[in-house]
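Next, two complexes with chain A in common: one pairs it with chain B, the other with chain C.
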Partner chain A sequence: MNAPSTPPASWDGQKRNQQARIERGAALAKGREVAGADIVRLLEAVIEPGDRVCIEGNNQKQADFLARSLVRTDPALVRDLHLVQSVLALPEHVDLIEQGQVRRIDFSFSGPQAGRLANLVEQGRIEIGAIHTYLELFGRYFIDLTPKVALIAAQAADREGNLYTGPNTEDTPAIVEATAFRNGIVIAQVNEVVDRLPRVDIPADWVDFFVKAPTPHYIEPLFTRDPAQITEIQILMAMIAIKGLYAEYGITRLNHGIGFDTAAIELLLPTYAAELGLKGKICTNWALNPHPTLIPAIEAGFVHSVHCFGSEVGMERYIAARPDVFFVGRDGSLRSNRAFSQAAGHYACDLFIGSTLQIDLEGNSSTATKGRIAGFGGAPNMGSDARGRRHPSPAWLRAGREASPNAAMPRGRKLVAQIVESSREHMQPAFVERLDAWELAETAGMELPPVMIYAEDVTHVITEEGSAHLLRCTTPEEREQAIRGVAGYTQVGLGRDRRMVENLRDRGIVRYPQDLGIDKRLATRDLLAARNIKDLVHASGGLYNPPVHFRNW
Partner chain B sequence: MSVKKTSFFEASARTRIARLVDPGSFSEFCPPQLRHTSPHLARLHAPVAFDDGVAVGCARLAGHPVLIAAQEGRFNGGAVGEVHGAKLAGLLDKAVSERPAAVLLLVDSGGVRLHEANAGLIAISELMRAVLRTQAAGIPVFALIGGSCGAFGGMGIVARLCAEVVMSEQGRMGLSGPEVIETVMGVEEFDSRDRALVWRVTGGKVRRALGEATRLVEDDVAAFRAVTADLLAEYGARPLKPSSLDTLFDAHARLTARTRRFSAARDGREIFAASGFSDIDGVPLMAVDAFNRHLMETA
Partner chain C sequence: MEQFVMTFPAACRLAEAHPPRLCGVVSSGNLEVLVESGDPGDACRIEVSTPATGFRDIWAAVLRDFVERQPVGGLRITINDAGATPAVVSLRLDQAMDTFRSEKS
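And then the complex of A and B:
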């Protein structure tokens, strides 16, 4: 060896630092258990300035008590933090920034706090490392963004500190795996401490401290869509999706984005899709949260399996009673896992379909709007071609052939569909010449406009006017006209070249309901397998227990 | 799972009529092309409807001749204005001369149309008199209630004057509507956004348990049709008796019994308890058949 080598003074500095933190914390704990009244002091004792901290939470489960407690720590002791976490969803997450305790954030999604966050960025009060997809952020937990302290949420702990997450396991395994095995500190808030857990989701020796929260951790019923609010336009779009996309490709493995558009598809499976003879031929295997609107399709025997990112409030008993469909533990309750389900959605599904707010003339789509830094969540991973995929399936192969009919090297292709009404509420057009994402990138100093799904990944755009089969377009001009051809009564839609759109129709690239043999007059709510939440309860045999504000009983 | 039923709750007034009566038998009076619109709304520069929010006409149901009206809840909440009320009152007058098997009122209304002030109030009172006059002539009037606006205000009174009140669980009936009570008495008295409270105080099941609704049916136009056909057959066999002192005594006896049975009840839950239901929380989820069977058994 020619280079002068300076080996580090020791190889276990981080390990010893971890030990020191645990000892400081242990002084405030009984075994691993910390009293609620001591949690603020415990956080002050184990967190050091400059630490990377992960406050667990997603759009469902939130470590809300630990977040509230962190806000109450002394800013002189707990400061310069680098938050590395899936979401900035709670007001407390942003309070920490406003109190000057956080220097930098890396995250995926900020949803409800998007406006406040954009303000803080503009005022220069916070550095954003990057906005990730869930899988990217989880990936970086194991490379260069490993949390030093993870504040997680579980349903229950036993006296030793083994954790039961309940159906909302979500991100916990990914966070704990990275933190616990890389000299970090794992602190869990639990709803209850019991003598014996139904099952162990996280073993005690990966957990340093746990505290019983005064109130159960908050879970947002994010995936519940009341069928009563589904419109006939959405039903028409669902018919176009089922007949023009699902049936045509024989899509069995898929993921649905959240929203009323996809809820309408789920509710049309036992009626419209069944009438088309598609039972067993489409929609058999899912990466999906347990959507209540999927209940009628499950009961009709459409669905063979569902792996879940998280759970959904009120679905617990139904899931437990359908272990052939869902992934459940020996105890009978759901085991969700966001990291695995995201990987499954990316690599093992042939179709992603979801809604968006804006689509440009190339087909880039974005949910970013001016003055709000909302982030990505998981949609970019679901809604992108998996270039590392190698296993074939008929739908994937067919899409690959359509994308490059004359390619020397045959390839498969994931189907990525965007389903939108041409105009949103307040007559805001969904089709635009320039995405708001560009303006947001400028004002927030981002290096890239925050695009949810890139044009090159989008294979289909479905609106109330029809479906644009972008895979079959051969030139950028065709692509633009195909998008204009389904953009309805918007400036983009009105700007279409009618002759070219007719030509695209002849070639089956732009297809209107009549081209697909769909009678628009049949697009009525009579097609829904459930018209309201109560119908879903009846369809579940009384097992689904919807949250109070979704009930009229 | 029942597929492709027509939800009465969601259907428009004309769809309700079309699917309720014998196919193709409906013939509309004062049809849309005559454009009998409200002069009051026009003066206020408010939108008008070509039928002023109600369709009236004659039809057959299971072969029986009926006169029929359906309020359109999607126009001003089915509220009764001068033209709207005149169409309904005229229909009832026509019944006295034409003597159909019954008059069917598909009620979907929050009551008087406030824009029309006195004209709307007068219309309601004329309508009440017309119902009584028609029934005094031996023609029964049936109220069918299952729309999103329910039957409130003046139309709540009109409905209760009818010989039969057929409701679905989604239907609601009352005098002051939930929002009105909240506005006047405060949210502590009645929280109109608490949908569970609204339905267990005004909904079809509690009205049936109280005996104010005489039939409870599924939210399906076919179910409304079936029970209306049964009622037409019943009244065909036993025609409506004109009011007399005896019928008045009967009505008083029924009211006294009801008061005795439910006087302690402050809420729908207590009414269900007093009606002999054991699983009170389960009542809203009970199938209509099971609910009706239980009421029959405990009656």
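And then the complex of A and C:
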């Protein structure tokens, strides 16, 4: 006989727990507003041992005051935490772990703290749940990793607690939506408290407490690339990308990764691409942060729309003056949204192109290096075939035909290109037989090597030597030789089968600049639409206001 | 610091005299290439000085490919390297040869 199933003792235990936390916090607040001096006590009052806590921050905006305050809490009260957040970028995030207040972390990206994190993992002082992509982590916020307490950052609050997140809205909506509607506590740090907000990005009803931070939240100008540092090799690779990939497929909808390689492409649109007659035919619609290096292309009329993951320091006035291009509110300022832009990049773009650190013989691509647990950010979402996609476009259909010319069921395919100089400084090869990711996985006890983009998703590899059109390869051997054929003077490149590579060249799988009708001698800095930051300011009509350390005039 | 000379046989000789040409600059990650006419007429002599040691086989491969692309004898090339990648070396050599050929004395 089956035992009768027992219903839970109550259906609102979490709700009542949320109420109790809010009451404990309210004792330290005036309405929803908490004084800066009381924030540590407030955190101690509302956080319980074992809580899942999200400290908002991405590679741009950081809830840095709340992070610093959390580090100052009593480890006897605030302990056993499970951090579930996009990045571990601030020293304070890792300080919390070192103080023994954190038991486990689930995250996406750790950039500057990658070395310290790897150390703590090796010493067994922290469990890593998993390293996610942004969308994947946001997805889990709504399934099994919902934050109990979210510490977020906003530009301003009004007296009631409505929030203006402004140009750097970034991850806030996704975090707050999950936390506020699942019995959690939302605490915001704001740069200022005002009577009337320019617009409401997060309604007060979803916010439990807010505190005015003593200093504005930190924002990293992560996507600013000074054109003065772009090399002729990067210009040559950009020419290969534009002529051999963008023009060939007629790519209008795309995402660019971060770095000088793709910045060079952006700066060649109004010059090289325009000379090739490609204006209006390529690069019209973007999922992209507001890269300053895109200004000349926007001004030349190349770009129809840009949806942004976040903002970029100094671009605010320029964006506000180009509302036909960017997504701006009725107040005139940008509204970014990482979750939506990641979804857009995954499903609505035909091309992702980005740099990497290592590519193996199959085409797996990784930025993991020994001793650093750096994570992925958004690249795997952008740089993977969207198998749930159903809407056609000429580029997508063509890539699909090339991938499976004889398939009984026709399908489309996303183009995913890795662009990299075959050797970096000090002769560090970008092409390797075995990714460092394997060794990192072993030392850190990870179940999978942290691969950023899997070989099966990579369709093109572009180096200074040429372009490898991996989609057209029919066997693994061809694929390996196509990669070796553009791997320059690395051991992988020197180990090529020259006859096979010549055969691949004849079939248009490996293509060198001369095969594409590119004159390498034209790869000079004269091709750049802007040669330094000052040129970008000029191109923007004085609207772009670069951070001080990018000004050298 | 490493210095060495590599000499490659070259099928064709320089048809006419050209003034020496200098290309590039000695700054980090870059290099300076000096191209001059010189003896013997059936070979290309390349002198390299580089701060990085232990990459002679890669230099040999880069220079061999260059001579294959530009099989010109009677050349004396001096490379003053400041840690350039092979890609930059190849590009600079091609650029230096182009300017060298374009100017007759």
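In this text, the second predicted complex is superposed on the first by the 550 of 553 C-alpha atoms of A that agree within 3 Å, B and C clash if a C-alpha of one lies under 4 Å from a C-alpha of the other, contacts with A are read in each partner's own complex, and residues count from 1 in each chain.
FYI, a residue touches a chain if its C-beta (ideal position, glycine included) is under 8 Å from a C-beta of that chain, and two chains touch if they have at least 3 such contacts.
Note that the structure is predicted; figures quoted are calculated from it, not measured.
Novice: For A:A399, is the partner it touches chain B (first), chain C (second), both, or none of the two (neither)?
Specialist: After superposing on A, A:A399 lies clear of both chain B and chain C.
Novice: Looking at A:R521 after the superposition, I want to know if it touches chain B, chain C, both of them or none. Which is it: first, second, both, neither?
Specialist: The second partner, chain C, only.
Novice: Quick check on the superposed pair: does A:H538 touch chain B, chain C, both, or neither? Answer first, second, both or neither.
Specialist: Touch status of A:H538: first partner only.
Novice: What is the contact status of A:L151 with respect to chain B (first) and chain C (second): first, second, both, or neither?
Specialist: A:L151 sits against neither chain B nor chain C.
Novice: Taking the superposition as given, does A:V548 touch the first partner, chain B, the second, chain C, both, or neither?
Specialist: Once the two structures are laid over each other on A, A:V548 reaches chain B alone.
Novice: Just to be sure I read the superposition right, which of the two partners does A:L494 touch: chain B = first, chain C = second, or both, or neither?
Specialist: It touches chain C, and chain B stays clear.
Novice: Considering only touches as defined above, state whether A:V432 meets chain B (first), chain C (second), both or neither.
Specialist: neither
Novice: Just chain B (first), just chain C (second), both, or neither: which does A:I453 touch?
Specialist: neither
Novice: Taking the touch rule as given, give the residues of chain A at its contact with chain B in the complex, in rising order.
Specialist: 270-271, 296, 299-300, 525-527, 529, 531, 534, 537-539, 542, 548, 551-553
Novice: Quick check: in the complex, which residue numbers of chain B touch chain A?
Specialist: Per the stated touch rule, the residues are 1, 3-7, 9-10, 195-196, 198-200, 203, 284-285, 287.
Novice: Can you check the complex and tell me which residues of chain A touch chain C?
Specialist: 231-233, 236, 421-427, 463-465, 488-489, 494, 520-521, 523
Novice: Going by the contact rule set out above, which residues of chain C touch chain A in the complex?
Specialist: Residues 29, 52, 55, 58, 61-62, 83, 85-88, 91, 94-95, 98.
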